[in-house]
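Chains: A, B, C, D, E and F, in written order; residue numbering restarts at 1 for each.
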Amino acid sequence: MSIVKLVEYADAAPEVRAVYDEIMRARGTDWVNNFWKALAQDPALLRRTWEQVQQVMAPGALDPLVKEMVYVAVSATNGCEYCTCSHTAAARKKGMSEAMLMELMAVVGLANQTNRLANGLRIPVDPQFK
Amino acid sequence: MSIVKLVEYADAAPEVRAVYDEIMRARGTDWVNNFWKALAQDPALLRRTWEQVQQVMAPGALDPLVKEMVYVAVSATNGCEYCTCSHTAAARKKGMSEAMLMELMAVVGLANQTNRLANGLRIPVDPQFK
Amino acid sequence: MSIVKLVEYADAAPEVRAVYDEIMRARGTDWVNNFWKALAQDPALLRRTWEQVQQVMAPGALDPLVKEMVYVAVSATNGCEYCTCSHTAAARKKGMSEAMLMELMAVVGLANQTNRLANGLRIPVDPQFK
Amino acid sequence: MSIVKLVEYADAAPEVRAVYDEIMRARGTDWVNNFWKALAQDPALLRRTWEQVQQVMAPGALDPLVKEMVYVAVSATNGCEYCTCSHTAAARKKGMSEAMLMELMAVVGLANQTNRLANGLRIPVDPQFK
Amino acid sequence: MSIVKLVEYADAAPEVRAVYDEIMRARGTDWVNNFWKALAQDPALLRRTWEQVQQVMAPGALDPLVKEMVYVAVSATNGCEYCTCSHTAAARKKGMSEAMLMELMAVVGLANQTNRLANGLRIPVDPQFK
Amino acid sequence: MSIVKLVEYADAAPEVRAVYDEIMRARGTDWVNNFWKALAQDPALLRRTWEQVQQVMAPGALDPLVKEMVYVAVSATNGCEYCTCSHTAAARKKGMSEAMLMELMAVVGLANQTNRLANGLRIPVDPQFK
C-alpha cells in the first residue's frame, strides 16, 4: 500500500534508529508512526524533517496547540488523509476538544469558500490592506 | 480589474446598504472593503456570507485571533491574495505580532511539505490515529 | 512579464499561423489572445491544445454555455487569473448574465467549503453513493 | 474512520433531529447521509450549512442540474471523494446521463490543464478580457 | 467503487478495442489499466487522451524518465492516488531507483513549502527574475 | 506590497547577514533575492530554509537541473508566481532550453488533467500498481 517499504526498528540502520529513539523519547511513546518509517528510506530526509518538526512545532510566539490546529487546517485544505488524522490526534492530546475541532473546521470551510469568491471575481485588494 | 462592478454605497439598494451599515458598525469603520462590494451584485449572497462570517469568526471555543490566523493559513495555502492580505490585516488588529506571523508561516510551510511527502509516498494511516 | 516570448502573427512560422487563422476564423475575430501566443513557442503543443479545446468545448451532451461555466468554476477553484478572466468573458458572450455568474460563484464557494468539511473530518462515503 | 462520531437520529438532540427531518422531507428519503451526521457534532454548523445548501442549490438563474454538475467539477478538482460521490449521485438523480458526466470530466480535465499552462508560463491577461 | 463502469476488452466496441490494442502493443503488456477502462465510457475522450499521452511523454528535449518523475511530482502535489501509484510504477520501470524517488519527494516537499511562504507573505518577484 | 518588511543587508542583524553572505557566495552574485529578505524577519526560519534548500537541491541521485524543473512543475501546479519565476530563471541558468521548458509545461498540464479524470471518476488503483 505504501509506495516505499516502511523501515522497522529491527531493520533500521544506526542513524535511523537514532532518530526513532529521539522521536519516542520526545513523545513518551514506545512506537514510531508510519510517516517516519517511510522517510527512513532516506536517512538524511528523515533527520532533517524530524529536526524541522521539532523546531517549528515547539512553543514560541504561538503555543503548540494553536500550531497543531493550524497544521490540521492546512492538511484538511490539501486533502491529506495521513496528516489530517495524525495531527488531529496530536491536537486532541494537547487539549483540543470536539467543540474546538468543529469551530476549526467551520473556519477552514469558510476560508476555502471566500478564497474562491475572491479569486473567481478577481476582487482587487483594498489599498488599506496593503 | 474586478470581474464584476463593485457596488458603492451611494449606488446600493436598501438591502445592500443595510449589510454595509452592519459591517461598518461591527468593525467601527467608515468604509466597506471590496470583497463585500463585489458580493453586493447578489444581495442574498452578500447577506448570507456576512452572517456566516459573523457567526463563524465570533468568540467561541476558539478565540478570534486564533481563528484569524487559521484563516490566513488556509488563504496562504490556496494562494488567495485578497484573503491573505485582508485577514493578515485583521489578525494584526487583533494582536498578531510579526513573530507570531512568521511562526504561523513556518507551520503552514511545514504542513504543506509533509502533506506531499505523505500523499506522494501513500503512507498508510497508523491504526493508532484512527 | 510572460515567462516565454509571445509569438506575434508577423513573426510566426507557417504552422503557427495556420492555427492562428483557424482560431480567428472559428471565433470571428481579427486577433489571437495571449494564451495561444505563448503556446506557439511549441507548435505541436499549440496545435494539440487548440484541437482539444475545439473538441471538448463543442456542443454535445452538454451545451457550450454550461461548459464555459464549468471552466470558470474550475479556474476560480485553482486561482488561475488568466483562465478565470478569459472564460468568464467567453461565458458572457454565450449568454451568461451577472445573476448567473453570481449563482455560479455561490456554488463554487459552497463546494469548496464542504469539500474541506468532508475531507477534514474524513467522513466515510455512504454505501448508497457507491 | 470518521474523525468525529457520526450522530445517529436516535441519539440526536432535538435541534439536530429538526434538521434531519427537514433533510429527509426535502429529499423524500428516510435516511440522512453521513455528511450531516458528522456536522451534527456542532448543531449551529449543521443548521447553517443545511440552510446554505438549500439556498445556493435551489433553482434560480441556473438550473439545479447545472449546479450539481458544477459541484462535481469543483469536487473532482479538489480531490474530495465524499463530495464527488454524493454530488455525482445527486446529479444523476436530476438527469445527468453517462455521456453528460464524461463530457463534464473532459471539461474539468481540460481546464485543469490550461490553468497550469497559463500559470506556469505567467501569461499576461489580454486587455480585451479585463 | 469506480463512478463509471469499467469497460472490459470483451465488452468493448471496436474503436475502444483499437485503443486497447495500441496501449498493449506500445507497452508490451497483455492488460490495460483501469484508467483507460474508465475513459472508454467516452471513446473520443479515450482516443484523444491516449494520443496526448503518447505525444507528451515521448522522448524529446526531455528524456522519458524525467517526464515520468515530473508526472509523479505533480500527482503527489495534487494528492491523486491513482496517478501517483501508476506513474511511480512507470518511473521505476524506466530506471528510477529508491534513492531517486526519495530525492524527488524531498524536492516536491520543499517546493510546496516555499510556495506557501512566498504566497503567504506576498513576496514581490525581483525584477531580475522577470 | 510584501506583507512583511524586506530586510536589506544594511539593516540586517549579524546572523541574517551571515546567511546572506552564504547565499551570495554559493551563487556567485552580489545580491540576495526578495524571498530571503522576507524570511529574514525570522532569522531561524531563514537559516533553516536556506540550509534545507542547499541540501535538497544539491547534486545527488538526481541532477540539479532535473530538480529545478521539478520545482517549476510544482510551483506551476500551485500557481505560485514567485517560485515559478525564480526557479524558471534558475533552471535556465542550469541549461534548460525553451524547448525543454515547453515540454515540461506539457507534462505538467497533462498530469493536472489526468489527475482530475482519475479523481473525478474515482478510478480504483490496479493491483499491479500496488
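Just so it is clear, a contact is a pair of C-beta atoms (placed from the backbone, for glycine too) under 8 Å apart; a residue touches a chain by one contact, two chains touch by 3 or more.
These numbers come from a predicted model, not from an experiment.
Student: Could you tell me which chains make contact with chain C and chain E both?
Tutor: Joint contacts, listed by label: A, B, D, F.
Student: Quick check on chain B against chain F: do more than half of the interface residue numbers occur in both copies, making it same, or fewer, making it different?
Tutor: Comparing the two copies, chain B and chain F contact each other through largely different residue numbers, since under half are shared.
Student: Looking only at C-beta pairs in contact, point me to the busier pair out of D-E and A-F.
Tutor: D-E
Student: Which chain has its C-alpha centre farthest away from the C-alpha centre of chain F?
Tutor: Centre of mass proxy via C-alpha means gives D as farthest from chain F.
Student: Can you compute the centre-to-centre distance for chain B and chain E, using the mean CA position of each chain? Integer Å is fine.
Tutor: The mean C-alpha positions of chain B and chain E differ by 34 Å.
Student: Just give me the whole-number Å value for how far the CA centre of chain A lies from that of chain B.
Tutor: Chain A and chain B have C-alpha centres separated by 21 Å.
Student: Between chain B and chain C, what is the separation of their C-alpha centroids in Å?
Tutor: So the centre of chain B lies 27 Å away from the centre of chain C.
Student: Hunt down the residues of chain D that sit against at least two other chains at once, touch-wise.
Tutor: If we look for residues of chain D contacting two or more partner chains, we find 1, 3-4, 49, 52, 73, 75, 77-81, 84-85, 88, 99, 102-103, 105-106, 108, 110, 112-117, 119-122, 130.
Student: What residues of chain C sit close enough to touch chain E in their complex?
Tutor: Answer in residue numbers: 1, 44, 48, 52, 55, 130.
Student: Could you please specify the touching residues of chain E with respect to chain B in the complex?
Tutor: Chain E residues touching chain B: 72-73, 75-77, 79, 81, 84-85, 105, 108-110, 112-117, 119-122.
Student: Can you name the residues of chain F that touch chain C in the complex?
Tutor: 79, 84-85, 88, 98-99, 101-103, 105-106, 109
Student: In their shared complex, at which residues does chain A touch chain B?
Tutor: Touch list, chain A to chain B: 1-4, 6, 31, 33-35, 38-39, 49, 52-53, 56-57, 60-62, 66-67, 69-71, 73-75, 77-78, 80-83, 85-89, 97, 99-100, 102-104, 106-108, 110-126, 128-130.
Student: Quick one: which bits of chain E touch chain D in the complex? Just the residue numbers, please.
Tutor: Residues 3-4, 41-42, 45, 78-80.
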